[in-house]
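Note that subunit A is present in both complexes that follow, paired respectively with subunit B and with subunit C.
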Partner chain A sequence: MEALRRKKRTICLFVLPALIAYLAVSTFPILASTAMSFFKWNVAGNQGWIGLKNYMQLFTIDDIFKGSVQHVLYAMLLCVAIQMPLAILLAYLLTRTRHGRNAFKVMFFMPNMISTSAIGILWMFVYNLNFGLLNSLLKALGLGDYVMPWLGETSTALTCVIVVACWQYIGYHMIIYLCAMQSIPQSINEAAAIDGANAWQTFWRITFPMLIPILKVDMILITTGSLRMFDIVYVMTNGGPIHSTEMIATHMYTRTFRGLQFGYGSAMAVILTLMCVLITIILNASFKRIERTID
Partner chain B sequence: MAMNGSSALRRHKRFHFSAVPRLLTLLVFTVLFVFPLIWLCYNSFKTNTQLYDNPWALPVQWSFDNYVYAWSVANVSIYFFNSVKVCGCAIVISLFLSAMASFAITRLSWKLAPAVLALFVISMMIPVNATLIPQFLMFSKMGLVNKHISLIILYSIGALPISIFILSGFMRSFPHDIEESAVIDGASMIKLFFFITLPISQAAIATVAIYTFVTMWNDLTTAIVFLSDYIKMTLPYGLKAFQGQYSTNYVATFAAVAIATVPTVFIFTLFNKQIIAGITAGSVKE
Partner chain C sequence: MKKGLCLVLSIALLLSICSFSLADNQSVELTAMFWGGDDSTADACKEAVDAFNAQNNGITVKVEWLPSEDTKTKLPTLMAADSAPDLFMVWSAGYMKPYVEAGKIYPLNDALAADPEWADSFLGGIMDRNTFDGVVYAIPTSVSAQVCIYNQEIYDKYGLEIPHTQEDLVAGLKVIRDAGDGIIPLAFGNSTAWPSGSHSETIANRIGGNEPFDLAAVGEGSWTDPSFIQAAQLLQDLANEKLVPDGFAALTPEEAIELFKSGKAAAINWSSYCLGLLEADDSAVKGKMTLAKCPTVEGGVGDENMWLGQPDRNIAIAANCENPEAAITFLKYMSGIESMQTMVDCGALVPIKSDLVDLSNVTDSQRQLMALMDDMTGMYLFYDVVLGSVIGNEYNNTVAAVMSGADAAEAFQKLQNFFDLNYEP
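Now for the complex of A and B:
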């Protein structure tokens, strides 16, 4: 048996198809993308090595790119501020709910199952000036002065789009916390209750500290996810009006696949990936410090 | 693990939220998450005039005209079957490749197995944006752009890391004895894989299949990069194209969105346990 298990030919037969396919289609392109960012590469093909010129152009001339960096950072903050507290709250309420827990879970999670394309169009209707839910709700509440084309104004469009992204993914983050909370041994909570702790104290002194590793994972998911925000923006505003919702990924898409500037687009892809790596490192380091102070 | 969380809390629940505000909060959020979808649903049966008159009201008479229009006149049927074809092929390929690789990683003995698994697990973190441009250039050189095969390749390979992660986690858990007795009976490793490992892994394979199917079915980013002809579009891309083309026929767009939404909502209602298991496996990997 052991001899059969060690047979090189069998191992290769089973693992090589997946491995080779993956290396060729997924791993190799990452390296290629990095390399391409140092070339002038447009519709006519590779025009030669230009060093850091693509990057310099991004940071000095390209105002849309500068705007997009600000927008993704804003999206990152807003997503963390909206999604994390609500996801934790919902997960916590569900751990204390016996009847219908699964039904609530399924309903909160439902928007995750729907294509962002459908979600985006649905919310364009919710924000619609003439028949949108939001405006007619405002009218019904006597706030008719606030009625406006929410996605058509440069001042509101960005926030409105980000709110939809939050709405779609809160259920996903809730599942993560719910899973973590349910894995906390019950005896700990019981001991706290016997010692006279109320639920509020139990949550902050026991549940929350035990959630910190999962908070880190989730915060990394939220921040890197919002840095890469693309499809919801593409569907709802396509970066407009006047680039007020432009994200790094949408700008990259437009320049690369509409403008056919492959080298320039690759530089943006590299910066985006570096931002994701950087935020992951920062969060890992700061959570390490937090965990140390708690211990 | 799922159920042991509540017994003591229940005993002490008088300390915190009494049940009423808790249920009220949950209900408010239920409305927030579900009402837009219900609104979408019943508005798809209205006429445009009814929609403008009162967006909150139920349809005066329920008519399927919008669905007929979206499905046949506006190509949604084509987009739908394109999606079925692309996702169906991609699922079969990715399940096959990932089951084989997981088998090799967990049930065969070789030194590099942990390294290969790590390669797949780490690459789950790589953003799609980082690979899109070279993939596009590579595929256009090979003449695959604007063909379904490009999406089938990208979807099936894109699903490998999470599939291998879940499947190898499962395959590692069952004892070696079963295989040993089969081998004594003279079965080869290939037979063993097909007739023992695969049947035992059924549940995990189902989880992976459902989870990755939903991801593929909903993908927009890859589709807009690799497809351009209307008749080739998958449902999410076609939906966006539809919305642009028929931008003033709102109720028909409502119907098209509803058509795109139904399959995954239906699948989720049936298989929410598997899908949520997939999510938790994928996100809590660290």
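Now for the complex of A and C:
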């Protein structure tokens, strides 16, 4: 008994530095920011308690915030719709590839390794009206009518930026699914082949159900990541044209560092965190039900 | 072993004491955060700082050069943490106001009063927008002015006169558009929204004069004043008549300047900071530019000698600077005749009286601009500088929206609503 207690104390002692570091860097700023959101806080410091006024303003008066919430929800749906099927498909194709599997793996993962700023600038050139790759391709295919300033039109800018974000992270999600698929024992696939199952049946009836836990994790990653989208938007359009690509994070950044409204920005940060937590809870509950159905 | 250790420790102690006393004789070191970048004014500024440091008068200034956009993030963060550098560059009016009100900037009235020669060297009224409650808080080291630049070669080719009214300007641009040679009439790029903002400000001032903005900015006027709506409407007409490049809403300001610089566009209405780029050796328009005051509008009350611009590259001293006297010495040097001469030679406009500097090295466009500004009756500031970041950006976005097709009256009513909700006097 004594040995166990001493062991526990030793364990606590060794975990303590990491715990302190984590609390200081992660938990404390979140709590401080939450506290800041209830005050009027600008560059001169704390200007006084205002309670829920920042939150009221966000939900009632701030049209830009309302727009940004719609944009991030759209981004979330689009990212899941684009990234998940493509990542699963690419991972599946990679498991069936014998030659050059590593080369393809690296190639698909490459965008994830490049800095977001570089990707943003690259795609700004791709979308350029006069010499961009996309418009040149459309003209070459005889679709010259569809040539337009993709990042300059309020109707297309948001989708274009989200597509770039998807392009950046598909490789990352592909790797996750690839690892999951490779951990499925070969004997199961062989048994299915012996029983006369074709490729599609093997995938849909055997591989896919075994991916469900990974699917849950990955979907949480995609949804929370897209809700928090900032860097690619900042580089490519900075919320423009005319707030059509404004995300919660970019609006928060503008109000905090340009408008010097630290309390207001903190309120937006808290709302964003709550949205991510809510999505995680909803996804966890939904997948629990799905897993139960499958079992 | 013990004796050896004692010896080492006592030597270490002696050395540390020595370094303390040495510190008293060391020069004063000031930290600074200034706007770097690729343009010639930044180079001139760097030259001036190096010259000051080379003077060896006991003051060394260590500068962090950042693109001005990046300082918009870094400075507030440092200010909020009370760890701002001793010297920093700021925009005037609404941008500086929060820092002044928070008491984070060192007041300069005493320094100016103590040196009347320095105080008098500046152009009249140039520090008005750096002054709050009668106290000056920053010294400008440059001036920006919105000016119209025309490619004389293209204008001669089509037999066009340099316009002085909006109507003549538009008529001339239409001729260039219809000529079918693929020359873009007016270089323009609005991905950052402020180009349309500043262009509209020149037109609005020509229509309604200074009053509409002066009143609207402090909540005593209205953003639905006809001068604002009409100005935005005129820009919408430019877009509808295809007198600006296709897809201008996605073009960056750099691309817009490049269009004019490469000779692909006939005219540009832009802030004078671009002159340094347009006079570069690789510029296709070097020596072919004719500058003109922003055109008047028929029936408007504003005259062409009221200039849109701002005191630029203002340097301020942090309130918690430990050596304000050293900082003021540096400030006097940076706005003094020597470094102003360096700025002039590099193509910048300076905020001191033009007879104090030698103008023999200035570029042709600079000389033209200075001559045009001799009759200046006053200067009004870019709206987003006066209004501050939140409302200023909304003004720019409103004009950008109108230019892209929104209804002008509706858009400005929305701006008025936004102003009412967000204005803090």
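Note that in this section the second predicted complex is superposed on the first by the 273 of 295 C-alpha atoms of A that agree within 3 Å, B and C clash if a C-alpha of one lies under 4 Å from a C-alpha of the other, contacts with A are read in each partner's own complex, and residues count from 1 in each chain.
We adopt the following convention: a contact is a pair of C-beta atoms (placed from the backbone, for glycine too) under 8 Å apart; a residue touches a chain by one contact, two chains touch by 3 or more.
Keep in mind that this is a model prediction, so the values were computed, not measured.
S.K.: Quick one: is A:H243 in contact with subunit B, with subunit C, with both, or with neither? Answer first, second, both or neither.
M.R.: In the superposed model, A:H243 contacts subunit C only, not subunit B.
S.K.: With the two complexes superposed on chain A, say which partner A:M181 touches: subunit B (first), subunit C (second), both, or neither.
M.R.: first
S.K.: First (subunit B), second (subunit C), both or neither: which does A:W123 touch?
M.R.: first
S.K.: For A:A44, select first, second, both or neither according to whether it touches subunit B, subunit C, the two together, or no partner.
M.R.: In the superposition, A:A44 touches subunit C alone.
S.K.: Tell me the contact category for A:F262 with respect to subunit B and subunit C: first, second, both or neither.
M.R.: both
S.K.: Which partner chains sit in contact with A:I20 here, subunit B, subunit C, both or neither? Use first/second/both/neither.
M.R.: Neither partner.
S.K.: Can A:L93 be said to touch subunit B (first), subunit C (second), both, or neither?
M.R.: So A:L93 only meets subunit B here.
S.K.: Output the subunit A positions appearing in both contact lists, the one against subunit B and the one against subunit C.
M.R.: 128, 130, 257, 262
S.K.: Would you pull the subunit A residues touching subunit B in the complex into a rising list?
M.R.: The contact residues of subunit A facing subunit B are 1-2, 4-8, 10-11, 13-15, 17-19, 21-22, 25-30, 32-33, 36, 86, 89-90, 93-98, 102, 104-111, 113-118, 120-126, 128, 130-133, 136, 167, 170-172, 175-176, 179-184, 186-187, 189-190, 193, 198-200, 202, 213-214, 217-218, 221, 224, 228, 230-231, 234-235, 249, 252-253, 256-257, 262, 265-266, 269-270, 272-273, 276, 280.
S.K.: Sort out for me which residues of subunit A touch subunit C in the complex.
M.R.: Residues 42-45, 61, 63, 127-130, 148-154, 237-238, 240-243, 254-255, 257-262.
S.K.: Over in the complex, which subunit B residues touch subunit A? Could you list them?
M.R.: Subunit B residues touching subunit A: 1-2, 4-13, 15-17, 22-23, 25-26, 29-30, 32-34, 36-37, 39-40, 43, 51-52, 55-56, 97-98, 100-101, 103-105, 107-110, 116, 119-120, 123, 125-138, 153-154, 157-158, 160-161, 164, 176, 179-180, 183, 189-190, 193, 214, 217-221, 224-225, 235-237, 239-240, 243, 250, 253-254, 257, 260-261, 264-265, 267-269, 272, 275-276, 279-280, 283-284, 286.
S.K.: Spell out the part of subunit C that touches subunit A in their complex, as residue ranges.
M.R.: 72-73, 76-77, 79-80, 98-99, 101-104, 190-193, 246-251, 388-390, 393, 397, 400-401, 404, 418, 421
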